[in-house]
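Note that the chains are named A, B, C, D and E in the order they appear, and that numbering of residues resets to 1 at the start of each chain.
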Amino acid sequence: MSETATRTPLVRLTDCEKRYGTIIALTGVSLEVDAGEVTCVLGDNGAGKSTLIKIISGMHQADAGTYEVEGEPVRLASPREALERGIATVYQDLAVVPLMPVWRNFFLGSEVRKGAGPLSRLDIRFMRDTTRTELHNMGIDLRDVDQPIGTLSGGERQCVAIARAVYFGAKVLILDEPTAALGVKQAGVVLRYIMRAKARGLGVVFITHNPHHAYPVGDRFLLLNRGRPLGTYAKDEITRERLTTLMAGGEELEQLSHELEGAADADLGRVAEELEQEVAELSGRAAPPEPPGS
Amino acid sequence: MSQAVDAAAPPSAPDERLTRRSPLARLLARPEAGSLAGAVVIYVFFFAVAPPFRGLDALATILYASSTIGIPAVAVALLMIGGEFDLSAGVAVTSSALVASMLSFQLTLNLWAGIAVGLLLALGVGALNGYLVMKTGIPSFLVTLATFLMLQGLNLAITKVITGNVASPDISDMDGFGAAQKVFAAEWRIGGLSLRISVVWWLLFTALATWVLLRTRVGNWIFAVGGAESSARAVGVPVRRVKIGLFMAVGFLAWFTGMNLLFSFTTVQSGEGVGNEFLYIIAAVIGGCLLTGGYGSAIGTATGAFIFGMTTQGIVYAGWNADWFKFFLGAMLLGATLLNLWVRRRTEASR
Amino acid sequence: GKKAQESANDTGAGKANTPRMKIAMVTHQPPGDTFWDIVRKGAEAAAAKDNVQLVYSNDPDGDKQATLVQNAIDSKVDGIAVTLSHPDAMAGTVKKASGGGIPVVVLNAGMDDWQKVGALEFFGSDESLAGESAGKRLSTEGAKHVLCVLHEQGSVSLEARCGGLAKTFSGKTDKVYVQGTNMPSVRSTIAAKLKQDKSIDRVVALGAPFALTALQSVKDAGSPAKVAAFDMNPAMVKAVQDGTVEWAVDQQPYLQGYLAVDSLWLYKTNGNVLGGGQATPTGPYFVDKNNVAAVAQYASRGTR
Amino acid sequence: MSQAVDAAAPPSAPDERLTRRSPLARLLARPEAGSLAGAVVIYVFFFAVAPPFRGLDALATILYASSTIGIPAVAVALLMIGGEFDLSAGVAVTSSALVASMLSFQLTLNLWAGIAVGLLLALGVGALNGYLVMKTGIPSFLVTLATFLMLQGLNLAITKVITGNVASPDISDMDGFGAAQKVFAAEWRIGGLSLRISVVWWLLFTALATWVLLRTRVGNWIFAVGGAESSARAVGVPVRRVKIGLFMAVGFLAWFTGMNLLFSFTTVQSGEGVGNEFLYIIAAVIGGCLLTGGYGSAIGTATGAFIFGMTTQGIVYAGWNADWFKFFLGAMLLGATLLNLWVRRRTEASR
Amino acid sequence: MSETATRTPLVRLTDCEKRYGTIIALTGVSLEVDAGEVTCVLGDNGAGKSTLIKIISGMHQADAGTYEVEGEPVRLASPREALERGIATVYQDLAVVPLMPVWRNFFLGSEVRKGAGPLSRLDIRFMRDTTRTELHNMGIDLRDVDQPIGTLSGGERQCVAIARAVYFGAKVLILDEPTAALGVKQAGVVLRYIMRAKARGLGVVFITHNPHHAYPVGDRFLLLNRGRPLGTYAKDEITRERLTTLMAGGEELEQLSHELEGAADADLGRVAEELEQEVAELSGRAAPPEPPGS
């Protein structure tokens, strides 16, 4: 985690700006991703996190700023170019083709073929088996990998997108709220995947709204607010509590708790108590860690 | 459910969350099954009501009529699965035939030279359509509508300028005619039966398209760009190349149909082909392709072309009042579609 | 081949030195039709000779054709030659032209209505009359069962031809509609009809290209039927010479176009009116083995 | 950002996350702006090259020609925004005119009776289309294709049976003709100028449709069912009623156009109208409606009809060679579309 | 929370079954929602939670079982009928129309009109203002309520769907993973909304993968597994720990922790330690509450 200072980062974005028509979604944002490091991007809804990773993944082009991959300035015209450089992404909207079977979605764009020349054809058996196995490893036991992916449940679909990115990510893995729709077990698996990717020397960009997911796995934290950077922190520069507070806004929670206490209903009062306890813990000492899937 | 991360393959015991389904039901649940059922019923119907329909020669005639719709429809269906339209396909057929024949005739070249130039032209028109659609983002309906009109104008105007007439000259005495006719429009008479090569080509192209769609990477991409273009782009599918390729495939089969036309009739009317683009689209839609893209099959499209061809001819074989022709055609198409639907509903409901 | 065509292409006579005038010709031609192409050639020849600027436009739809006449009125042309294939739809606008001082002549279609719209003259062949003469000829040839091939459904002139034929023909008349823009389907449909009714012994196609396709259908169906046709084109001449097509009813489209323009010119420059209040017939004229030689030379350059 | 739950309205200070945009840019960013620009450029173009085009009478002719496309196109556009097609619109025009005239004529009724029955028929066909599409889930393309063919067949066959002819009888001397003509096809001559009521109706229907789309609940629903049908259903939009209503609206305006046709020309050809359905769709698409639904405008559609009408007439006014007509038409449509696109790109980029 | 026994529940589903073709998504599931009560539906990915709520909301019809609303057996043919009975839903896929402006989406299906008869028209100003205010109250500060909703960020879109349901929910409020894409602050607001709805006497169905969201607000917990009910618990029948364990599977976490400990990398070791601590807390004593937004 400290050896990265002298190395060229896998991905470096400097002073990046992005506009959609008159809307300024991102301005003055910089980001570095080193091999074997997890960079967490945190921020409120609409802060520009997804926009940022879409630039890294080649979906969008920045309007200003520079983008380097392994030290070489690039301008990725399409996600395909990013993929060819080993940058795999899980998009927040999952980027699946609803009418296509699960296994075709899994391998879409990186199909495995057998045979040569004009006779080269899809290795369907391999792809079906791999899809089933990879999803099973994430705790998803599919009935049928030929089901159109649009008929899967939200979490199952998200697992397909993650398993696919993990399977194909060669150098950089970008995950946009991968655990949002996941069950406790599946979320745990994803966090494990991140740790293993890191151990294998991949650079990971991890977006989440859950500080308890971010802190254990993250090495570096980029906080965004309304399209602007609020600051970048290495893990040793920031405590878990500070991170949580920054993301949540401590005063917000305190207010919530008071409000609920004022309510007439006894039931509400009980909840208020519970919430107050939380606030105390947050602003006071260490909020103890929690299970990965919460 | 508590296996380690690198667990072995999942268990293959039957899943308690599935009801079982008979193999027949499975077969009938394939997307082509419904339209095939429609075709069979219409066939049986005409077989019953129209004695002249029963002969093999009638079948040969129907197959031929279907093949001239079915060949370009294969590519049109692929394009439609890929999420785009091509309204210029019908006149592109005529254009390539006109170019091939007039070029060879005017320059007194071997016909194969004209054929090659016709191919280049058809591919070029396809590529242009594709390029404009992808580059500008204008809906393909509009772009190909413009190409359709322009080609139609060019067909007329250039034929007029060159031949002084509205039809291409007769090329049956030119070099290379025999060979080219064997390739594009051969006709074998076996007994009283006339079998035409275009039917063979039709089946070949359908088989090829099916193979491409289901067994190759490009097929995967076609479904993807039609089903969810931005998702496809996001996972690295070269959307632009796929779509331009599809437009060129339409160009290719339009050219092929044009050659069939040219070598069957030795001359081409410059106004021909207008409106046929819709027959191709209709065949694809009857065959189960979604107009919105992302779903469909080549076999279904072939069945669609067959249903259309069979109905058009069948009404004549049945000798029904010609004034009512369109009415019967519409009613039978609706019937076939409803049947198709009913078959699929049944199989979905069946356990 | 090519050379023969070129040598025949100079129909132009000397050129008139009357002031340049603009004449609009508005027809119901569907795009790319052989017949109309010959009409136009006649009109162009007359225009070239008479120092006339000819503005040709066409639309098979009645109301759209009326709009084209309105375009001509708006363009302040010196004369209008128009077809009245949809007489009622056209009447209002054409009357507006003739009433507004623009001389109008009618060609091809509208034999019963041209006077009502205030036109000066009519040049054309009565479609039902043409049909009737064809019917008579078929009867005398001993045909028993005729198939009438209509390449467009809902067309007045095609229906009139077929109707006239049925009227005078002694045997049975059947009809079949084909999609004129799709030759393979024309071929199959005629073949299907021939199979359906084996007693058919004559196929009469109402357009030259379709007669040639009908020949193939006859072969496909193994039918003994002979083929006859309405209208001419270069290939038809050859077919009549070869005897594959029995005869063709020609209504001399070149003449229709030529006379329409030329008579307008005459009216504008010399006040002449042709026909004495009667329609000027340009047909029917039968082209068969006996007289085909006389037409052949002109047909090959596309003016018959 | 730390207000209580029941905070007052949000602050209205300018947002630092927005660049500013001039009012002109805002105006040009409206969906209609691009097609309007296309219309203006084509107008100026023809004004420059075609002297006869310059007069007001030419404009009146163009407006009239555009209105006969534009009136049904209004409903077709609404339907397209609602995510469906209607291929039967063109022949439904003819059907209602035929029914109205033949019924009155045969039974010697007042024309208004025929008119009313024609309306019922047109609405009925629309409702049937809508019902079949919603009930069976068959794509509207197929359903209305079948209706298209059947109506076309019925038009021809029934007219033939009743009148023995391919056209309806002349009704100009029948009861109610005068009044009906005033309503559907009045024509005023002011100076040399002939103004037709259908132009007024066209503008009225366009305005009404615009109002419905943007200012009423039904308009909201139309956008929703076309943009995301299942989402619309999920939030309580009565999808079926909306879509059937849209099909009936197409029926209504088809009937209206049919009446305009009938009372302008006093007789109707039974084969007419075929192919016009595409003109309506083309007008809507040129005007910016998405074929896939969920987006479009009535004003844009009117502009599209105007562009189409103006181009078709303009080429004639310019006196260009009729052989090249279609070519010019295609080229100018493409040009107008590209211009439209360019205008919108520019305004999007402008800050 | 105990007075509900004698009352007719707002919504009662008995022995419900749902199949999609050959797929059995739900079988033998029963559910009750009482006024002033929050029923949480918990379960793994693909367990059938969304299917269950789609039946309640009228999107799907059950293949077997009965459905009563306020004691009256019903068969809702469309979500509109549910809405008319005061049942408002936030769907997991949000059910928005991407090309339509935010405010039109907010009021879609329940448009506010002014004027009467054929002149009745949309009250656009009111709807725009209300949309802006309601979203602002959730912590979403929109640039422009005329933006097509498809261009909003994932969390912003989710907030629109929630704000809409809360605004229109009259008797029953159904929330399918409402907090999945939300920031810490917004998630807190949603929990508060649930408490307030409950206080106002609404019945709430709340689906979440986060036991720490579920436990504080829930009164009754329905656990699903592979389309079958695992059990229904009143709040006093189950502890927070038991609930968490049931959802997460304690052994799963322990295993994860051991696995990571075995890894060579020191960094991984640290994470493993942290995870182990979590496991200890989970299986041992009370996992302390955590802030609402995590």
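Keep in mind that, in the parts below, a residue touches a chain if its C-beta (ideal position, glycine included) is under 8 Å from a C-beta of that chain, and two chains touch if they have at least 3 such contacts.
These numbers were taken from a predicted model, which means no experiment stands behind them.
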item	value
Given subunit A and subunit B, the chains that contact each of them	D, E
Chains contacting each of subunit B and subunit C, listed by label	D
Identity of the chain that, by mean CA position, is farthest from subunit E	C
Pair joined by the larger number of C-beta contacts - D-E, A-D	D-E
Centroid distance [mean C-alpha coordinates] between subunit E and subunit D, Å	44
Whole-Å gap between the CA centroids of subunit A and subunit D	48
CA centroid of subunit C to CA centroid of subunit D, Å	35
Rounded Å distance between subunit B and subunit D, as computed from the means of their C-alpha atoms	30
For subunit D, residues contacting two or more additional chains	1, 5, 17-18, 152, 156, 321, 325-326
Shared-contact residues (touching 2 or more other chains) in subunit C	31, 153
Per-residue overlap in subunit A, given as positions that touch at least 2 other chains	23, 93, 139, 143-144, 185, 192, 249, 252, 259
Those chain pairs that satisfy the touch definition	A-B, A-D, A-E, B-C, B-D, B-E, C-D, D-E
In the complex, subunit D residues that touch subunit C	52, 55, 57-58, 61, 64-65, 68, 152, 155-156, 165-167, 170, 261, 264-267, 269-272, 274, 313, 316-317, 319, 321-322, 325-326
Residues of subunit A that touch subunit E when the two form their complex	1, 20, 23, 43-47, 49-50, 92-93, 139-140, 143-144, 147, 151-156, 158-159, 177, 180-188, 192, 195, 198-199, 209-212, 216-217, 244, 247-249, 252-253, 256, 259-260, 263-265, 267-268, 271, 274-275, 277-279, 281-282, 287-294
Subunit E residues touching subunit D - in the complex, by the definition given at the top	57, 59, 78-80, 82-84, 89, 91, 94-100, 104, 107-111, 113, 120-122, 124, 129, 132-133, 136-137, 139, 141, 143-144, 164, 185, 189, 192, 196
Residues of subunit B defined as touching subunit E within the complex	1-2, 4-5, 16-21, 348, 351
Touching residues (chain side subunit B, partner subunit A) in the complex	1, 3, 5-10, 15, 17-18, 211, 215-217, 219-221, 223-224, 227-228, 230-238, 294-295
